[in-house]
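Below are two complexes that have chain A in common, paired first with chain B and then with chain C.
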Partner chain A sequence: MTTFEETGPRTPVVEPTRVDKVHPRAKLRKSVRVILTVIVTFVMIVPVLVMIMTAFKSRADIVTPPPKVFFHPTLEGFLYLFTDRSVLSPSNLEAERAHPGDLNYWQKLALSVGQKINGPSDYVGRLKNSVIIAGTSTILSVILGLFAAYAFSRFKVAGKDDLLFFILSTRMLPGVVVTIPLFLLYKQLGWNDTHIGMIILYTVFNLSFSVWLLKGFIDEIPIEYEEAALVDGYTRLQAFFKIVLPQAVNGIAATTVFCLIFAWNEYAFALMLTSEKARTAPPSIATMLGSGGLEWSAIAAGSLGFLIPVAIVTFVLRDYLLRGVTFGAVRK
Partner chain B sequence: MATIELRQVEKKFGDLHAVKPLDFTIHDGEFVVLLGPSGCGKTTTLRMISGLEAVSGGTILLNGRNVTWLHPSERDIAFVFQFYALYPHLTARQNIAFPLQAQGESREKIEERISEVAKLLRIEHLLGAHPGQLSGGDQQRVALARALVRRPAAFLMDEPLGALDADFRESMRAEIKRLHVLQHATTIYVTHDQVEAMAMGDRIVVMSDAQIQQIGTPSEVYYKPANLFVARFIGSPGMNLINGHYAAGEVTMAGLDNRYDVPQNWKSALEKGLKGEKGVVVGFRPEAAQINDSGQLVGKVYATEMQGSSAVLHLTINEDEIIHIRTDRLIHYPIDTLVNFDINPQMVRFFNPKTELAIELEVTQ
Partner chain C sequence: MSQNVSNLKDAAMYPRQRHLSNRAITNIFIWPTLALLIAMNVFPLFYSLYLGFTNYSAIAQKAPVWVAFQNFSTILNDKNLWQYFATTGRYALMSVTLQVLVGFALAMLVREKFKGGSLLTTLILIPMMISPVVVGLFWKLMYNPSFGFFNFLLGMSDPSKSPDWLASRLAGQPVPGLALLAVAIVDVWMWAPFVMLLVLSGLKAIPDYLYEAAAVDRASSWFQFWRITLPQVAPLLLIAVLFRTIEAFKSFDLVMGMTGGGPGVQTELISVDLYRIAFLGQFRTGYGSALAYIILIVIIAISNLYIKYLNKSKGEG
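Moving on to the complex of A and B:
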């Protein structure tokens, strides 16, 4: 079947010649916008740049006024961050310097500031704790949130609105307010300073967020897709995995990033509820301020290292995020 | 293929009856249309047959097998949705393969079936595309292919053409009808469009107010509506219905002093059907009116409507009753002129205004 619309008009359509000129004022406006954007971006990124530069500065460069923009980069900061060292007496220093061939790069670096590496610092273990706790709790809250959100979205749940409000209400108190009761509770349970305790805490804390966010995304998926899968011969669970999950991938990515950022950056609970075994990175970076003077390069290096994992995850998921954070407003 | 039987099937939402208990049987290979205004329960009925909606009571039999409480996947039926419901993350080919994969068919078998249905629906060139890249009509073709590929016992279609453009709808209508003839597949088709229902159905189930108003072939539903609702609902414009009083073989109508001599064969049926009451509704289709100067009935031209091959005259018979008459498009009737007409005695119907039911003509031996 061919219609007139499909074949187009029979006679050529004469339209006035297109003018691809832009009004000078519009051009000016555009360049002003670009300049403003650049300035704002610069202002936003300066602290990060300062942090990155500080991480690679030597102790002397850091305190030089005015701050140096060009300097000789060094990994001293990372040395201070990741190792436990002792100051060598002048005689020992001579002895160590006698046979430099046996030393690796880090040992030489330590030697250059008159120190000897005794072993890895506490920070290494704490970074590992952060990865375990933030990673596991994120995965758990997204998975649990996904199933809960699906149920809230698709089934008649008795008292659905009240339940959803209850879930949200767990987020209404500032975290600091509940730290003391939580501390006492955890003491009773023997969960203080344990991985499992922190994982459960962060999971529960993120769950309200992930249920609400994911419910929004699942609500957007027309129920007909699942119904089609049901009549096509699939069970509801199969339909969930084959149809709902691929459709919800943007929402899952967005939720994952948000949950991860919270769990990774969380400070107050970690400070109160962990001390040695399960202490995460954020409170330990802060405590570096206290022990043995201000090691700015180590703090900067710690913050930088701490920033990188979240930055990587966000970067990897950026395509989904762009679509995800618009909350399904833009389709296709 | 399959026979589908509904016995006292009903659906309640709380105290509200979405579908009142209904009985009907769809025979093997039949194309049955569920027709009715929105909210009449036709889609709910279809969804109960598919198993997507649980029944509140009654039994559904598929080929004599009780499927009332079976999961949709166990009923061996295919469902075509109004908005296609193609999986957007899969290509057309993967969409069509999806139901076969559920059955665990071999890859060769799946390929073979896909090319078979793709050829039937002329969508071979679209198989690599994602649903978002296809036009509405092509999406519905792919959805039909997905339904056909499994060779189910029955097809259930929920307004499959409702989301298409008007010109597309007509060609798809023919396509679905052709598929039905080729496949000889039992089909239940839901629509609110009576033209579509007339064009496609072997039988039409007219529904309103959560219950069946009439079951019949398109011509039965059109020429012998069972009640006033069906008479008004079917046809565009619907059947003309004029209130009058019956006495001694004559119906007197209000307004322009119209009298209508009831055809001889109707007289005894009317007397019986009205049970002594006087009120009667005379019904006739717009094309049943024959204009002629010595016609017994008269109306005043209110408006004329050009419909291409014919024209429709709107006539006022009294202050608040307007009837429609189909006329020759070449003859012009100025507004406010009086037009005389007769009713083709073969095509007149009578209704009891109290019960709203049609009065049956007694079959003369």
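Moving on to the complex of A and C:
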């Protein structure tokens, strides 16, 4: 009797080949497909490229028709975004220009558009608020979510499916609907326009997401590891901290980053519940006014603060993106 | 089952060791989360149900007065609100349909692996993650008829002949619906990649032998698409559709960044109007709460479909 080794191909077939994919026409089709993909991708990211480009245009270059593809790059937008300036009168301008030696780069840049830097703009403080609120709320929602996800994954919980359904359903609520009663509640508590109010709100906002996503990750860790640890004399808590957490570290990292991005991007709650002290970056970028309407160069510079983190995250988390955007419902 | 076994083992091997029972751990682990969700989501919902039956205003110094169903009957008889609901529905239909078509096409395009393919796919996914209000603002600049890139790249560089998208005007003539379409286009740009991602995951799960069998039988690619690809991807596509429909009904950030409801009320989606009622001008909190409840019922209806479907597909998988 002949074995497979005797009759089969001399070298193992490494590349999976489908019978309908070896025809020359199929190969031609493939190269057409590749070229088409490149073109389509380019079209899809043109707005992103324009966004980056606009951030480095001067105010004048942005509003001159037709839009310029080639231009002299400048950091004017960042100057408008981060500093509070006043217009100099011609005589003061002359006086300032007389000794340019003592000025730093930004002061010179301001001087070149006839302005003087008075100090940092409100936006700097709002970015700080964003960092504090997004950071703290993310840590809280991941920690709380981790505990809840572990319990849901490993223990018998009465009405588990209903509870999980309830947790998910809170995320489906439209922000505007929840905000009206919260606004009144916060008014009673004195929490409107405070960091603590926003941190708690964002924690809850991300909690349903983090429970669902983390439960998916913990479900994938074989229960036998913990059982072995329990047999070895670990307590449940020790097993959780020493066995499960290290195994789930990728999932925890992915969840953390998603929560951070959601909190960083959030606009509706911040618009309605904050005004000055705790206002975050997204609602303030929308009101970036200059002389005669919206200050486009500042807005474009500010939008980089949302584009760059997201671009990095998309690349780092590309394998988890599907799980993230579907609450862990779709895995692969 | 396996937990019970380990419990038995625990009890048998370490009878005197003091540690928390599983039930205690469960409670300690779950209740902080549940308590927060109840305090911040359930309580407000009941509170706003009550407010919906009052004429309360958050800025008036008066206590809420019970007006029974007056708010609800006013809303249901308000032609403007019906119009905003209809606008929201049109917007949802437009953007979800386009997203499915574009997303599906993208998925079919990038489904086969080639060198650098995953890099391109990842690039396409970036818009989905950017803050919608920033996207809206930025596209407002893109759509500008004189110095925006949108018309320019489409080859319509003469402002007097090209559309002014966000003003709903074409060559000086008003074209109703253009602004809503413009918002939908941006939504499609952001979220078609989401549909692509889901469809791709469905495509990956289709076993190769189905196509091989079809090829052996000399089935046309058209036939293969309708009889193999589409039915196999349908469950995930449905998830994508429901998910995006819910989001479209909740849509707020994008429109606020781009048009703020204008021109006139052409892009006044229902959540934008709710914001206006409850948080601007007179702060009609009671009336707004009633409207919020009506929106909520619509969204719960869609969400239920979604979650039902999700559970079903999970049970199969």
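Note that the second predicted complex is superposed on the first by the 281 of 332 C-alpha atoms of A that agree within 3 Å, B and C clash if a C-alpha of one lies under 4 Å from a C-alpha of the other, contacts with A are read in each partner's own complex, and residues count from 1 in each chain.
One rule holds in what follows: contacts are C-beta pairs under 8 Å (C-beta built on N, C-alpha and C of every residue); 3 or more make two chains touch, one makes a residue touch a chain.
What you are looking at is a predicted structure, and each value in this text was computed from that prediction instead of being measured.
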item	value
First, second, both or neither for A:Thr235, with chain B first and chain C second	both
Greater residue coverage of chain A in the superposed arrangement, chain B or chain C	C
Touching partner for A:Gln247 - first (chain B), second (chain C), both, neither	first
Which superposed partner A:Val211 touches (first chain B, second chain C, both, neither)	second
Which superposed partner A:Glu227 touches (first chain B, second chain C, both, neither)	both
Those residues of chain A which chain B touches in one complex and chain C touches in the other	227, 230-231, 233, 235, 332
Chain A-facing residues of chain B, complex	50-52, 71-73, 75, 77-79, 81, 83, 85-89, 98-99, 102-103, 132, 146, 150, 167, 171
Contact footprint of chain C on chain A as seen in their complex	16, 18-20, 30, 33-34, 36-38, 40-41, 44-48, 50-51, 54, 62-67, 144-145, 147-148, 150-152, 154-157, 161, 163, 165-170, 172-185, 187, 200-201, 203-204, 207-208, 211, 223, 226-227, 230-231, 233, 235-237, 261, 264-268, 271-272, 282-283, 285-286, 294, 296, 299-300, 302-303, 306-307, 310-311, 313-315, 318, 321-322, 325-326, 329-330, 332
Complex contact set, residues of chain A against chain B	1, 3, 222, 224-225, 227-235, 238, 243, 246-247, 332
Interfacial residue positions of chain C with respect to chain A in the complex	2-3, 5-6, 9-10, 13-14, 17, 19-20, 22-23, 25-26, 28-30, 32-34, 36-37, 40-41, 43-45, 47-48, 51, 58, 106, 109-110, 112, 114, 117-118, 120-134, 137-142, 146-149, 152-153, 157, 159, 189, 193-194, 197-198, 201, 204-205, 208, 211-212, 215-216, 236, 239, 243, 246, 249-250, 252-253, 256-257, 271, 274-275, 278-279, 285, 288-289, 292-293, 295-296, 299-300, 303, 306-307, 310-311, 313-314
